[in-house]
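Each of the next two complexes has chain A plus one more chain, namely chain B in the first and chain C in the second.
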Partner chain A sequence: MKTFLKLKDALFSNWHITFLTICSLITSFYIIYEISLWSIINATFINDFQICKDNFNIGACWGFVYEKWETIFYSQYPTHISFRPILSSLILILPLLYIVIKKKFDISTFFILLVSCILSYFIMAGGFFFLENVDTRYFGGIFLTLFIGVFSNILGLPLALLLAFSRNSNNIFVRYSSAIFVEIFRGLPLIATLFVFVIIFPLITQDSINLDMFFIICIAFVFLNAAYLSEILRSGINSIPSNQIHSAKSLNFSKYQIICNIILPQVFVKMFTPLVNQFVSIMKESTLVSVVGMFDLLGSLNLALGDSQWRIFYIEGIIFVAAIYWLFCKILLIYADRVSEKFYKEYRL
Partner chain B sequence: MIKISNVSKLYSNEIVLNNLNFEILQGEKIAICGPSGSGKSTLLKCLIGIEDHDSGEIFIDNVLLDKTDKTKKQVRSKVSFVFQNFNLFPHLNVMSNLTLPLIKVLKLSKEEAEKIALANLEKVCMAEHVNKFINELSGGQQQRVAIARALCINAKIICLDEPTSSLDPELVKEVLDTILNLSKDNITVICVTHEMAFAKKMADKILFLDKGNLISFTDTDVFFNYSNELRVKNFLDKLLI
Partner chain C sequence: MLFIGLVNTIRVSFIAIILTTIFGLALSLLQISKILILEKISFFIIDTIKNIPVYVIIIFSFLTFNNFFTNIINPVVIIENVLIISRSGITIPWIFEFVVSYPELARFGITGGLDITPEFISLTLGLSIYTSAFVADIFSSAIRSFPKDFRDSASSLNFTKYQTLFFIVIPYSFRIISPSLVNQYINLLKNSSLGVGIGYPELLTVTQLSINTTGKTVEAISIMALIYFILSYFTSLFLNYTTNKSKI
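Entry: the complex of A and B
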């Protein structure tokens, strides 16, 4: 009753607020009605092309997703062993969920995700026991998106730490090489980085035929991500007053102990939100791998749309893929909220 | 205990410490006084190698303090330092602030460290605040935690940089008593302070600096009553006591 009165007060307290309430109610009902009309009420849920086509202008055709989900999920991976991309994706996503539920953010998180990355890679690539060898250029779909997202962050963060601390180093050589690395990668757009890597690597290895594109894009993502993350971490490191470092030195902490016990806990707590921002952003940027011929989730959708018959239902496909991306990013954002809440309770920062 | 000969320090051509020479014996309580910008805090920071001196020699307990990490570590194990702005670690609670150096540097077990920490917190009347975080404490409480942290290390020498600057008058008395108690354990105390009343009660000797020069280094009684130095007389004349 009390909430009802509050609501009434908030929505209908005087005539212009009442007017606004009625207007927005009508608009939102209209939008919701139109959307549900198209996506649910008039939609087709079976993968019968003829029915879908007759229904084309009236409702959505989710049969397209049903027809093509294998291509979208596995891309060009051989279909007779499609349990392997499923298994690999699960190996990547389950530890992630475990970490979100447990609100973990420590060194063990790093190792859990590193192990799951390595494991999922070997299951995809095969070449041992009864698993037949699959070339990395067939990797794609949901696995590629997840793998790039997790791997570039898991290796990018330690590299970023190294870069951030060496940028504050007293050794001129160390400081400048770190600065040059960061400035180069921060100044390059991801597409350009990918192209440059694809061109440069064959020159270094003198081998343009056996170009492992998967390996190259992983390295490109790690480097680019590390450059961005290192700037976030560096601003966190610089935000810690030098007084605290002096005081730690006067208490006879070694340099390593100061970094581990005084600087890093504060940096990670203060910079957690921008760090997760970058995690999410690099996960979404993984769509760009399609420009160098790998098919991530969005690329696989384009692959599926290559079927000229079903091509007209691209909107349904895009909505489906967008929902998956949104889900992944939402998981990371829920993680960010939960961990910052925990940090506040533990550290009051 | 502490021997300083011909020590000078420059900040980009400005002389901060000018050719200082003095010696402090074990168990003495020294107050370093002087107007603002006279190099008091810099001198104190030079003693533990947080700031490097440019020339001259500093001996702490027969160790020559040079710029190597090894001697700095040796010196810092003998000297504990209370900073002007406390410099407690904001991501740890009071107890962890005290136990972290004991566990990590002195390699004590957690139980031992907590016992020592609690004993020292009781000395400064902060035992009921062990689980609070630093930003939940007032300035005076933070100051007392910082003093307790310095006491934990069980050093032979304690340096305090303006320990009373953020305390109310009643707490100044508590800090004074804490410092006077230290003399029972034969601990050397070096304290930079602006409060001459505090210096008068606390110190055996007073070291007076002005613009980096050592003006006088005499017994407290002599300093306040019989000093011949013009600069000291001018300084004391302006006091409100």
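Entry: the complex of A and C
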């Protein structure tokens, strides 16, 4: 009854609020009705092109997703060994889910993700036991999105710490070189940085190292992410009061001890939410690799849309891909919320 | 050649910034309205847009507009000499070298006027929709954190609700939010380089083109980097100027 009264107060307290509520209710119900009509009631779920085409103006054709889900999920990977992309994607997803559910955030999460990254890469690449070797240019789909997201954070974090500490160092050379590195990566658009890497890397290495696109993109994302993360970490480091460090020095702590036992634990707790936000934004920005010629989730959707027959059903495909991205981002954001709540309870931040 | 790219980039980001501000303001007004259903709707919209990559939105709008415009076989005249829709986009009158040029139907296609291509429309719309979600959050948090005394004193001076909103709340909040707002605008400007994915001739596309034609990789890339740096730098200078000016 109390909630009912509260709801009544919120919805119909005033005549113009009542009017607006009714108007918005009617419009939203109309929109929801139309959307459900299009997406569920009139939709076709069979991958029969003729039925889908007859139904084109009336309802959605989820048959497109059903027909092309293999292409969307693992793009050009050889189809007779398609269990490997699924397995390696699961190896990347399950530890993430485990960490989210357990609300874990410590040094062990770092190693869990590192191990899962390495394992998933070797399962994709093969070349040992009974697994045949697959070239890295066939990597794609959901694996690539997840791998870039996780890998660039795992390797980017130590690099970012290094950059953040060197930005505060007393040595002018170290300080300025780190500042220039960070500012270049933050000043350029992400996609421009990717292009620069893709164009410049072969020029520098010439033929001495035969780097392919996959590694170049991974390195580019690690550097990019390190630059962005280092700014977050630096603001965390600067927010620690200097009297803590002075008192640690008076207790004869070494520099290494001060960093590991005093600065870092506080920085990671304080800057936890921005760090996860950066993870989410890197996850979203990994779509850009489809511009430079790797097929991530969006790129492989474009690959699937290359079939001129099914091309008219692009809306369904994009909704499907967007829903997957939404899900990943949402899971990570829920994790951020829950862990920061836990920190709030423990440390009273 | 790079100059044309720069002009196109600025054109896209300028219009997208205006649209973003309008959309973001509308969404944030929905969010702070005391009407529960409108709040939920705007929360849902913001939450959905925020968690979808910007490139997905741009590709979606590009496919939609491209489909729409390529299906037009004969040019359609909406308003004579003012608005013509054809395969190449929307044509409107424009000033070229101080002379107004009106679009006209000629024997082969359209002469005169300015073509607004489907790439331009989809890039602008995609960018502005994506950024508006972030901008809306900034606006609504600023309006929520608005001191209550100001509202009370405004109502004691017999301001109506809308007068309070437009003459007190919004001007005051603009001062607080301008750093984060300009940050989002710089992000938008940098994201406009995604036009390379849909074939809009902006700075990055043009740089790539000039690398392919001239082979001078390092020079072209450094000019591009310099231009982006200058753009972001001047935007932040402008920000500093406005914050200093609006200091109380």
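Following the convention adopted for this analysis, the second predicted complex is superposed on the first by the 345 of 349 C-alpha atoms of A that agree within 3 Å, B and C clash if a C-alpha of one lies under 4 Å from a C-alpha of the other, contacts with A are read in each partner's own complex, and residues count from 1 in each chain.
Here, a contact is a pair of C-beta atoms (placed from the backbone, for glycine too) under 8 Å apart; a residue touches a chain by one contact, two chains touch by 3 or more.
Predicted, not measured: the structure shown is a model, and the values here were computed from it.
In the overlay built on the shared chain, the residue A:Y325 is in contact with chain C alone; chain B does not reach it.
By the touch criterion defined above, A:V174 reaches neither chain B nor chain C. By the document's definition of touching, neither partner reaches A:L114: not chain B, not chain C. Touching more residues of chain A than its counterpart among chain B and chain C is C.
By the document's definition of touching, of the two partners only chain C reaches A:I17; chain B does not.
Using the contact criterion defined above for the overlaid structures, shared-chain residue A:I199 touches chain C, although it does not reach chain B.
Once the two complexes are overlaid on the shared chain, A:L87 sits clear of chain B and of chain C alike.
Touching chain C in their complex are the following residues of chain A: 7, 10-11, 17, 20-21, 24-25, 28, 184, 187-192, 195-196, 199-200, 203, 280, 284-285, 287-288, 290-291, 298, 302, 314-315, 318, 321-322, 325-326, 329-330, 333.
By the touch criterion stated above, chain B contacts chain A in their complex at residues 45, 48, 50, 73, 76-77, 79-81, 83, 85, 87-92, 100-101, 104-105, 133, 135-136, 149, 153. Of all residues in chain C, only 33-38, 41, 48, 50-56, 59-60, 63-64, 190-194, 196-197, 204, 207-208, 211, 217-218, 221, 224-225, 228-229, 232 touch chain A in the complex they form. Residues 241, 243-244, 246-253, 257, 261-262, 265-266, 269, 347-349 of chain A are the ones that touch chain B when the two sit in their complex.
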